[in-house]
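My questions all concern the structure below.
Going by the order they are written in, the chains are A, B and C; count residues from 1 in each one.
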Amino acid sequence: MKKYTEIQDISNLSETIKEAILLKMTPFEFQDLGKHKTLMMLFFNSSLRTRLSTEKAAKNLGMNVMVLNVNDAWNLEFEDGTIMNTNTSEHIKEAAQVISQYADIIAVRAFPSLTDKEKDKSEFVMNSFIKYATVPIVNMESATGHPLQALTDAITVSELAEKARPKVVLSWAPHPKALPQAVANSFVEVMQQMDVDLTITHPKGYDLNPEITKNTPINYNQEKAFKNADFVYAKNWSSYSDYGKVIHHDKNWMITKEKLGDAKFMHCLPVRRNVVVEDSVLDGDSSVVIQQANNRTYAAQVVLKQILEKL
Amino acid sequence: MKKYTEIQDISNLSETIKEAILLKMTPFEFQDLGKHKTLMMLFFNSSLRTRLSTEKAAKNLGMNVMVLNVNDAWNLEFEDGTIMNTNTSEHIKEAAQVISQYADIIAVRAFPSLTDKEKDKSEFVMNSFIKYATVPIVNMESATGHPLQALTDAITVSELAEKARPKVVLSWAPHPKALPQAVANSFVEVMQQMDVDLTITHPKGYDLNPEITKNTPINYNQEKAFKNADFVYAKNWSSYSDYGKVIHHDKNWMITKEKLGDAKFMHCLPVRRNVVVEDSVLDGDSSVVIQQANNRTYAAQVVLKQILEKL
Amino acid sequence: MKKYTEIQDISNLSETIKEAILLKMTPFEFQDLGKHKTLMMLFFNSSLRTRLSTEKAAKNLGMNVMVLNVNDAWNLEFEDGTIMNTNTSEHIKEAAQVISQYADIIAVRAFPSLTDKEKDKSEFVMNSFIKYATVPIVNMESATGHPLQALTDAITVSELAEKARPKVVLSWAPHPKALPQAVANSFVEVMQQMDVDLTITHPKGYDLNPEITKNTPINYNQEKAFKNADFVYAKNWSSYSDYGKVIHHDKNWMITKEKLGDAKFMHCLPVRRNVVVEDSVLDGDSSVVIQQANNRTYAAQVVLKQILEKL
């Protein structure tokens, strides 16, 4: 693997899932692979699971890890040709080239503005790193995608599916704040590649980017969508058409135990209890969110392993 | 040891002190014990000594260390059953379970509010970690206790005592800000278990929680309390009865060289010079605060060692 | 080497440069030297290159690294004899002695105030660490000097010089903010020790401390100064005589491709594009800033190596 900034960078998804599940059993088997190699983790935004699981994964492979909160360094400029006489101190051209000399792999988290649709869609942060860095880039959640989470989700569905071609429902759920579409986008993309029966459900006005959803069925009736579901994946996102807006607060879209039926409950976390999903789901046997979070380590580890093997 | 959140978690204090003093001589002897084990250090508050000495201790044992300032992640919710539609993004139930999958031991620092006595007394942060985490918890200073400091203090008194049953005085001292009672509480608890003559001295209104002080003598006259003292341990704390308030600014309670006499001076640091204690004490031969701070490493190391041995 | 807080701490500059260039070829050769040794990196200010390259260098030598942003600990007091009843919680006397017990080498970054010339000039932060710490101190940029950058610059000039005694020009360049003189000072000091033809050029009013520039020629005409230059080192600094002030915004001092001629362009980074230097320079073949930034690792590594050898 030459980089991992979108789910499409995985050449063989089912083999990669199998390899991740093997790594979970023998996490320290490839300690020599990362020897004298450095992972640089660069955060423009908050992180708990991504920060910790990716560091863990790298160390499982014997790598050194350096973590940089961009706030501890300099404001970066991403525009070409700008006269940098105001707020930005360093251009991504220099930053990416310089960091590439201190690291063998650079992992980046950079959330969208949710105010400038075209700019977010251009993935200017992630793409600037891809363009100017001279080492492989890993996406730890960007403006429009979260492929490490998506691979985690694919591993989790593979591990837990109790039948061939399970029914998987991605459901919008309420949230007080405007959130990115990144997790939902990457989940849809990875599930489209798997042998599952995928449905998306959300209130009208919350349609994801149609270039991503393509011909995946969308059902505006949550109850009908959930019928016979094996997995319900809940996630809030803000509107894509009325970009970045919270246009709907209907509490009826919260996931309840009753709605869930026999389906397993998935969520990327962090999750707001009794807003996105009620306590009884998270505290009951249907929830697999903890196991899912554990798979973050092995998703990151298989990605780093495949990149290290190509260095 | 299954956890170390209070001094009572040590089964054999005198043996543990001896073991710490041995570790100080051969700090790298047990490097294999921590191999492939991860310590997660989680900070809700500022730290210098605790952060550095605990990381050092873990690495001395061959552990990996990951450090997370909670500010870099998500605001945590600790209440059960809450509708999380305001400031908190993640419930401790999920956070503790998830982090437990990335770490073999979790160490937590979480200071009290000093505004809600019952809530602070309930130790809701530390106890939530104990309840929901699936790995051992280490207290790096909580609302009401600082057991790593207390063990450090016990090691230091053991090393430096020049006679059997030395007289140890815990003295309140002035400070401009309202500080927790945690260090004082744990110091009292550990000294009560040692063969020392313990006295507490403070102005009226600064009595510590009587469930902790029990039958330890309290003397409101600092001069009389210091008579024939072998160790004077200075510390400010805010009022427990008039909870969290600074009710007394009397500069006369500052520790001076004259008051100290032949006693050794101890303090957990950081210490405000010429407020808590005058320069001539800290700069003189009576002060053992630097040696005491060094023992933080070996207190943490013996605790981590005993926990690793039971994993 | 007993410390590295100024360029004068290097006993043999040309040998040290050669050693750094060798380390670049075999960076992991001395992994045993740092075994069980800890580098403490202490930041009072922002950092990207220094933070990452110094950590990298230490790990190349097999050291453990602990990083502390002083903001995550306590406000430090540097004045002697103060009554610490306001904003500072811990005196450097305690902090430096304590940290020395957790680390084998302490590296410190502490920028000047740019408001109090005498205080900045006294290097009170760096000198307090030197005075009170009991382990070697490394300067990661202080009030008046940046010797790790200067050594980097010396390595870079040595690597790239195409003739004996190349002409090296240090040029002031415009910048919207008031910046320290530290980089310029240390560059002048290191170049004065090398076999180069050094010239300084800047607008009137921007003369550096004459105790540093000594008899190095100063030319207020940038065009004339650049004539036949082999290296142009650009850097902004605020006025030394009208201390810390930006007294001149003349855009004509920006480095352009035309002005540069055949000279190689150097800068310590971060650099503001089209303010300090135009895009065509940084994006062209004359710029060596990326290679220069890479040498930061080996400058730090040779310094740490020489210090470790004397521990």
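The working rule: a residue touches a chain if its C-beta (ideal position, glycine included) is under 8 Å from a C-beta of that chain, and two chains touch if they have at least 3 such contacts.
Just so we're on the same page, UniProt names per chain: A, B, C = N-succinylornithine carbamoyltransferase.
Keep in mind that this is a model prediction, so the values were computed, not measured.
Student: Since chain A and chain B are copies that touch, just let me know if over half of their interface numbering is common to both, same, or not, different.
Tutor: Different, since most residue numbers here occur in only one copy.
Student: For the identical-sequence pair chain B and chain C, what's the CA-based rotation angle in degrees, nearest 5?
Tutor: An angle of 120 degrees brings one copy onto the other.
Student: Rounded to a whole Å, what is the gap between the Cα centroids of chain A and chain B?
Tutor: Their C-alpha centroids are separated by 39 Å.
Student: Note the residues in chain A that touch 2 or more other chains, in rising order.
Tutor: Chain A, residues with two or more chain partners: not present.
Student: Enumerate the contact residues on chain C facing chain A in the complex.
Tutor: 28, 43, 46-49, 51-53, 55-56, 59, 69, 176, 269-275, 279, 282-283, 289-290, 293-294, 297
Student: For the complex, which residues does chain B have touching chain A?
Tutor: 36, 38, 40, 64, 66, 68, 72-74, 77, 80-86, 88-91, 93-95, 97-99, 101-103
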